[in-house]
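Before anything else, here's the structure in question.
Naming follows writing order (A, B, C and D), and every chain is counted from residue 1.
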Amino acid sequence: MSQQFVVAPLLVALVTAIATLLTRRFGRAQVTLSLLGSLGYLGAVALLVSKVDPLGASNVFSYQLSGWQAPFGITIVADSLSAFMLAFSAVIATAALVFSASYVDSFGQRVSYHPLFHFMMVGVTGSFLTGDIFNLFVWFEVMLMSSYVLVVFYSGPEHTQAALQYVVLNLVGSAVMLLAIGGLYSTTGTLNMADLARRVADPAAFGDFAIAPVLGLSALLFAVFALKAGLAPFQFWVPSAYRAAPAPVSAMLAGVVKKVGIYAIVRVYFTVFGAAAISELSLPGLSVPDDGSALLAFYGPVMFVMAAASIVVGGLGAVSRDDIDGLLAYSSIGQVGFIVLPLAIAATAPTEEIRVLGVAAALVYALNHGFAKGLLFLASGAVYDAVGTERFPDLGGLTESAPWLSAGFFVGALALIGIPPLSGFFGKMLVFDAAGSASAAGVAGSNAALGIALVGAILTIAYFSRAWNRGFWGEPPLLVRNADAKVSLVAVVVALALAIALLGVGFDVVMQAANAGAEAALDRQGYIDAVLGAAEGGSGGGHA
Amino acid sequence: MQPTTDPAASAVLAVVFLPFVAAGLVPLVYRLVGERTAYYAAAIALACFGLVASQYGTHGAVSFPWIRSLGVSLSFYVDGLSLLVGFLASGVGVLILTYSGGYMHGEPSQPKYYASLLAFMGSMLGVAFAADLIALFVFWELTSLSSFMLIGHYQRQESSQYAARKSMLITVAGGLFMLIGFLLLHSVLLDVTSGSNAFSIVYMLENPELVQEELRSAGLFLPVLGLIGVGAAAKSAQVPLHIWLPNAMEAPTPVSAFLHSATMVKAGVYLLGRFRPVLVSHEWELLFAILGLTTMTVAAVLAVGATDIKELLAYSTASHLGLIVAGFGFASELGGETGAFHIINHATFKAALFLVAGIVAHEAGTRKIENLGGLKEDLPITAAITAVAALGMAGVPPFNGFYSKELLFEAAWEAAVHAGGGLAYLYPAVAVFGSVFTFLYSIRFLMLFFGEKPTGLHKVHSPPKAMLAPPLLLGVIAGLVSLGGILGTFGIHFAPFDHFVGEVWASTLPPGSDLHGGFSYYFPDHITPAVTMSAVTLVLGAASYPFYGRLHEGVNRVTDVNVLRANWYYNSAVFGLNGVSDTTAERVQNGLLRTYATWALASVAGLTLAGYAATSVTLPAFELSKVAVTVPILLVLLVAIVGAVAVSIAPSHISGVLTLSILGFMVAVFYVLADAPDLALTQLVVETLLLVIFLLVLDKLPAFYGNTDRAKMARDGVLSAAVGATVFVTVLVSTAATPTDGIASFFVEQAVPVGGGGNIVNVILVDFRAFDTLGEISVVAMAALSVLTLVAMRERGETQ
Amino acid sequence: MTQFVLAGVLGVLFALGTFLVLRRDIVRVVWGVTIISQSANVYLVTMGGLSGGVPILSHGGHGGGHAVSDPLVQALVLTAIVIGFGTTAFALVLTYRVYQEHGTIDLLELGEKA
Amino acid sequence: MSTVIARTVTRTVVPIILVTAIALLLQGHNLPGGGFIGGVLTVTAFALIYVIYGLDYLEEELLHQIRAPLLDSIRHGIVENYQVAFGVGLAVAVVAGLVPLVFGENFLYQSHWYIKPLPIYGKLHVASALAFDLGVYFVVVGALLTILAVVGTE
């Protein structure tokens, strides 16, 4: 029973966080430890991925913390879905950290930057891996607490104000999450997600508890996840927080932290609640399938409306922004809509194929958005570092003085627009494909989904082409002509751009991983067996 | 048909990827040879041309696996149509790149220029040969992208930026429509082909009837047709999406000649030719014949209104693309023939004319039509080239454009007759009307070389050889094609040429179509409806040419009316979008936490209550509950509420904090009564510490009492009530549930024997669920870090 | 009927918290958040059942000797209280810093400045 | 504020609080208490000294050490010690969780032993969880003191 690799990424991040906390007095050593820790994290994630997704197979591993058997102890679970999320998060995090080492001023690094960054990764990793709903709350809080501080990091007027909004909304969110967890525990008698999935699917076997409230309770939880993902109408904190945070932190917030909300939606609604035995469901104007996915039928329209609103608000808001960060922040709102749109389709899908396709599309889009938006925020940071501003009115002609940086930005923008063969194209294509397949299968609303996706995609072209013209072409002002982009920063941007191109050309691997992730997300029984079956077989019982 | 051999995989692969590799090497080459990079690039194009030529006579598909999990392969298909576009892309490429060697002398950013041109050529070759819907789309979008880069070549100029963005918005967005069309096609084919061929164009070409049938039965035939049509129309500048093409002339002239007349804009018509065998039908004819003829006419009229020679040529290009679209649109075999032949003719005369325009602009220093004239004295060879090309463009017999236009007239007439007359006679009528304008602007262009030299125009120098040779070659080819028609009348045919055009034609027809013994063309020797139409065109054209000036004015007066200009709609939309964007940002993200919280909380309440309503949750019976609230607990809770109310209406910060701690202490007492001593202790100490921190902080804050707006209070009250109601229902429904086998009993049983501790709560915290505690202390540690950061970074804030 | 009283109490507490969160004064907003999270804790404890016994066993090792209140929710709430303490402390210091940077704790004024 | 009475009371009360805090920490496994509560109570004792005597007294007279503050904006070097305390606390908790890995058990696995015979005490029950709880204790003490010191200094 040495499946320590499951917990390894979390431990590496945690140890790194503590090590960088204890070495604050020794600047150099701290940065070195931090970078080493980040590489170690990358390695731990790679190990986990290689175990979960060896060629041609996908496994589910569960690990009982403190050695207590599920569902009593806390379980962490590594399956293809978690592995997918962890894998791309680890890469983006490493890039952001390397960038930070030469971007954030050394005083800031010494104060708290590195421990906070790694604690954020602890929270992210814990959230991706945990198989316990309350434990999810705890890791959310770890992630949030560090992100609060990182948003307010520069501690100026705009930073404090942005953080205030971010903090208050999320504190309310935390309370709502507790409420939901309490209700679910009281209703079902468990906190373990696999156990929860088993119980809601067959309440008769567990005391015949009332299943009806589960939908409302899960809706409370959904709002919290939507808040984390920055989905309209919970997107309000996004623009100011992304503007306020240091560039690499914005890259993390948009590229990784938001995706935790997406992951939670996929995990909790498709894996855990997907088969809730809700039989009587009345949705005005909508038909409810009788194949045991009635709960998802409720979330289909909900997710659709939220996704559509996000796409429109984010896309429209981004067009005329006067600064790169603002544009990227609004863009993030819109892009999260693109991630959730195929989930809405998956929730209402009539066939298993379309359901898998929808979830896989969301995963691919999440990955692409992580890379592309991460790159763009880092590029924005590098521009700021070189020019001293990232406001369009003061920019122009960057391609002349910073060609590599501009090329990196261009690749990121094209990836989000969906120009092939960059990875972003496949994200967009799969979103269209999911909606198109649903449309061909006659699912209500799928044509609307196609339309919204198209509008959003055109808006993306509109705002990025405008940004390009204003910032990168045109007459360079003096500041830009004297710009001296730091090689270490530009290198990270270019490396990410290359990664985006490689992921597109070698998309087969990504697609297989996304498919495996989607299948894992929908393989409820596999998840339950891995957590509860395995526990009976061995790990926790014979304790002490 | 003679037996054909399969294409060579390596050659096809090389022809598509060689330009990309070469493009990647451009910066290096430029460093070595400087401006002579033009000839390096031309050599690459020549190599591609040779590779394409080596595949002449082959027919079939080669395939390489790419994204297996999606069924996407990198497969290529060689037939007449793809070879034609391949020849155009590489052949015109050779000429353009050579020409650039002279034209771009001393221009900035040449490496980017040549790299983009080569990448474009590769993309275009990819479009030509791709036999997989996704692979086709990949190359399709890459052509848009390289076009964006090239139009924006003079990146400091705002007009270039405007033009580049416009072309990107229109062509890339159009591409997205096409992508959706492809994906719908794919999802329909997925069931039929069991997945393996769902993206395969070859499969579709082999089973056109099946594909059409499946599409129709899924109700997706029209959507797919329309979506693919939008993609083609955007790329091939069909009305009203043509507006990007005139602006694209901001690019250096070789680019205009290459991308925006000879090749990239042909991608759209190529697409129609490619899908014609699969989708041709009554609806197809209606859609594309009308679209094409409209474009042909409208763009020809606009060309008459042009004041700049490149603008004139741009509208002319759109017009001729319309002609080709209309040709492909007509469902008869003749339609395919028209399109196939005119693609060739247009490429020769239009590329030649663009290069001529480049010479004129380069040597005369102006592109204004009114400032030019009498150029033949200084540029005799150029004048000769122009004569052949412009007369071909005008459709004057016996020049090459005449023969393909004859085919259009024939196809239009036949379609009208076939459709039983009536409104269908508009086809030939509009075709003639549009052709008159084509005649007019073509002659006007030719007249640049004749007549008086305007006073402002000085001695015009001869262009360098590198700039003269390419148009000369194109002019010679156009001349040869023209000659072929005359000879054809006497039964002498350029057999290989006719055979090739026949191959192209065959590619655009469904299997089993009648090619009437293969393609041949000749000067008409008897009166047919088409000949009559040609004659009418020439007579009307010649008769109205003297009034060209007035027509020019008239057209411009009409296009001054905003609502008649597609551009006006584009500009209004794009600039209007900025306003909408500002409004969105200001209204939605208004900076007020109250707005944000209102939306978020209202959504939480709404969503949750909707969830309860959807499952028709029933509130539990009055007496049934697992929760027994005793009287002391009740009293404590009531005091807590009083505390909370007092907090809400507290007149000052201090009183608020003190009442808040009453609430906190009541909660602690509640924990005592609820048999939770650890919680009570914790709550007590935490409450004390919080009180201290509150007081310390409040000491520094001003006393602030937000003045109360009654309307807002009422709204907040309603929202608060909704949130309260949500919680109320949540509490009620969750107290009613009675699951068995809850996990809690396990902890009670195991705490002492295995956990080794009597305080079950503590055993849970440090053993059963120590993982939670680990997270919890991380948060506490970070809270301390956060406070440090907030204070320490204060002075540093300004540095970033 | 007691559960109705309980539900009513919690509903009112949440409503009051919500009302405070919507105020202009940052300090009041923080109070609101505090009330909401304390109410969530109270809710969790009541879900464990109120009529058990103190979940502390004598060290003899007999497990099911007497019925105890659900110790799990108590542990969860303890975690939640501590986390809530950390975040509230941060929010308070943040409030102070907002005042330092902007010279106001009026959210309306803050919003208009942005 | 610092009247003679207050100072006298503080001198008496602080040791009592500290002893209670440590008792709560140690007995937490069996009786109400534990790392968190013990920690907060310890902080209360320090807070009392700090309120009555001021931070300078605590720093100079009681701990006899003056460290140069790492961050110039944090006036009191003692905050450094607090920070080390919560860093070390986290480290202790994590190491306590990691040790079982050496024995092939899972992260955070806890065990307990009876050590006997011992003079006077008879047998002693030692739970490995105490190490973890000790980590919690240090985190709480360090973190809360940091917050109080920083907020107080402002």
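Everything below uses one rule, namely that contacts are C-beta pairs under 8 Å (C-beta built on N, C-alpha and C of every residue); 3 or more make two chains touch, one makes a residue touch a chain.
As the structure is a computational prediction, the values presented were derived from the model and not from experiment.
Here A is the chain whose Cα centre lies closest to the centre of all protein Cα atoms.
Between the interfaces A-D and A-C, more contacting C-beta pairs are found at A-C. One simple way to say how far apart two chains are is to compare their mean CA positions; for subunit A and subunit D this gives 37 Å. If you average the Cα atoms of subunit A and of subunit B, the two centres end up 27 Å apart. Averaging Cα coordinates per chain places subunit C and subunit D 25 Å apart. Residue positions 14, 21, 65-66, 111, 134, 138, 141, 145, 148-149, 152, 155-156, 164, 168, 172, 176, 179, 182-183, 186, 191, 240, 544 of subunit A are each in touch with at least two other chains.
In subunit B, the positions touching at least two other chains are 591, 593, 597, 601, 677-678, 682, 686, 689, 693, 697, 700, 726-727, 729, 734-736, 742-744, 747, 750, 756, 758-759, 765, 767-776, 778-783, 786-788, 790-792, 794.
Counting partner chains per residue, subunit C shows two or more touched chains at residues 21, 29, 39, 41, 43, 47, 56, 59, 72-73, 76, 78-79, 82-83, 86-90, 93-97, 110, 114.
Chain contact summary for the complex, subunit A toward subunit C: residues 134, 137-138, 141, 144-145, 148-149, 152, 155-158, 160-161, 163-164, 167-168, 171-172, 174-176, 178-179, 181-183, 185-186, 191, 240. Residues of subunit D that touch subunit A in their complex: 70-71, 83-84, 87-88, 90-91, 94, 98, 100-101, 104-112.
On subunit D, the positions that touch subunit B within their shared complex are 24, 28-37, 40-41, 43-44, 47, 71, 73-74, 79, 82-83, 86-87, 89-90, 93-94, 97, 107-108, 110-112, 125, 127, 129, 132-133, 135-136, 139-140, 142-144, 146-148, 150-152, 154.
Note for the complex: subunit C touches subunit D at residues 56, 59, 78, 82, 86, 89, 93, 96. The residues of subunit C lying in touch with subunit B in their complex are 1-25, 27-29, 31, 34-35, 38-39, 41-43, 45-64, 68-79, 81-83, 85-90, 92-97, 99-100, 104-108, 110-114.
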